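Some structures to go through are shown next.
What follows is subunit A paired twice: with subunit B in the first complex and subunit C in the second.
Up next, the complex of A and B:
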């Protein structure tokens, strides 16, 4: 068993971390284009009593949940 | 009547003949030539090679370095971070550093490489590799368990990269 599997990481997470490490080692111009692929914007809204709450970005939404 | 026929025939002949585009790769063989492999090397965001006949491909499999030639036994290999060498028909060798992925050899000399990230070695900066390496080494011994594991993964990639980045 690989060390990351034992620690509870999935292959997807492993592949993403390895990809992130290679992107960060690129030269300036290529790196800027590549790092756009990592950006992810997710917004979430909490529902209560059938009513949708305010949209917040995922970090603050999880913190307040 | 025959003049008309001659006229149409000359019109057809004077039409510019189709250029069979020999732009790098020739598609349209039913089977792969017996001394080549048909390579498709793709990333999620880009296809580096799509059904291109090449001579040899060297792969960094987790089980060791693997050289694929024509008529290779079918196999599925997990790839680790490392360099993929492709010897093209023209004799030129292209090298790409991949972050990881899979390679599948199918019967009939068909090779598919799927990687998450792949760049020519010249695109990497040795200085950045060194600084990231120092950072990852520091993180691999301190912090939460998950942070340490993530740093270990980065270390594997960066160590492979430091061996080739100039």
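Up next, the complex of A and C:
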């Protein structure tokens, strides 16, 4: 059950991937409604010593990870 | 806005007043539209908020039953839930005020800010406390995916915190909100809670539960904050439309009076000119 933990994923990441797979498996009309719950445009920026770093799109960062 | 005394009633001042009147009418239309948009968004946001409350309260049940408490000492993390957009009354400044008073008593706490508006306000005094900031928040109703992604980024920072507190605006009614904070409990806090022995939990599941509970709490804070923001924006735009309507009334009266004065002046000129010819 913890294969994902050994691969280095957090529980939230694992649950998000599982949810995405479930949404993609739905039938056409239900899938469209569900994909709306998946929308995410958030960008994150790390701060060091009171200075803000670059804003990075979370979705693309996670997709590449 | 004061209606200033016009010294000379000419066509120039008439044109000034006319253009002012036109722009105020445009503003009134815009603020009216924004109010209607905010009202429709509010009804959806409220529904999402009530659903998220169920989520958050269920997630918190284990902590209430186990009677977990937050320690006063130790490394603290403060998460601030706000948004990117303005024109919503006092939402952002009130939550920033609450966080600032908290930081005054705990100046070493780490800060994670969700939303640009709170970020600019907090960065003025507490830029050194901020570790992570997020933007593009508040455009749509928050999704759980977003809450999970935010939690993930927080955990990726790698710092172990002794206590976590989430600041958000609590939705009290359609016209009032209140900045509140809820604690999110860490693994060690759950293990040390008085009734923990009532539960049968395997060791490795604890860390996952902590992460998931934090995502739940952040989702709840985001949903309530979003609903508060829409309702505040609606009342702010409502007031703006009313003020614009008042100004339109005042300026219309001034315009008509000025117009009549200009015409009267013209008539006086013509009649004096005509009478001087006789």
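Assume the second predicted complex is superposed on the first by the 41 of 65 C-alpha atoms of A that agree within 3 Å, B and C clash if a C-alpha of one lies under 4 Å from a C-alpha of the other, contacts with A are read in each partner's own complex, and residues count from 1 in each chain.
Everything below uses one rule, namely that a residue touches a chain if its C-beta (ideal position, glycine included) is under 8 Å from a C-beta of that chain, and two chains touch if they have at least 3 such contacts.
Small disclaimer: the values here were computed from a predicted structure and weren't measured.
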Touched partner set for A:22, first subunit B, second subunit C, both or neither: first
Which of subunit B and subunit C A:44 touches, first, second, both or neither: second
Which of subunit B and subunit C A:34 touches, first, second, both or neither: first
Shared subunit A contacts, counted only where both subunit B and subunit C touch the same residue: 15-16, 19, 37
Subunit A-touching residues of subunit B, taken from the complex the two chains share: 45, 81, 97-101, 116-117, 119, 123-125, 128-129, 132, 136, 145-146, 149-150, 152-154, 156-158, 161, 165
Of all residues in subunit A, those that touch subunit C in their complex: 2, 5, 10-13, 15-16, 19, 37-47, 49-52, 55, 58-59, 62
Footprint of subunit B on subunit A - complex, ascending: 3-4, 7-9, 14-28, 30, 34, 37
Subunit C residues touching subunit A - in the complex, by the definition given at the top: 123, 127-128, 130-137, 139-140, 143-146, 148-153, 155-156, 204, 207-208, 211-212, 215
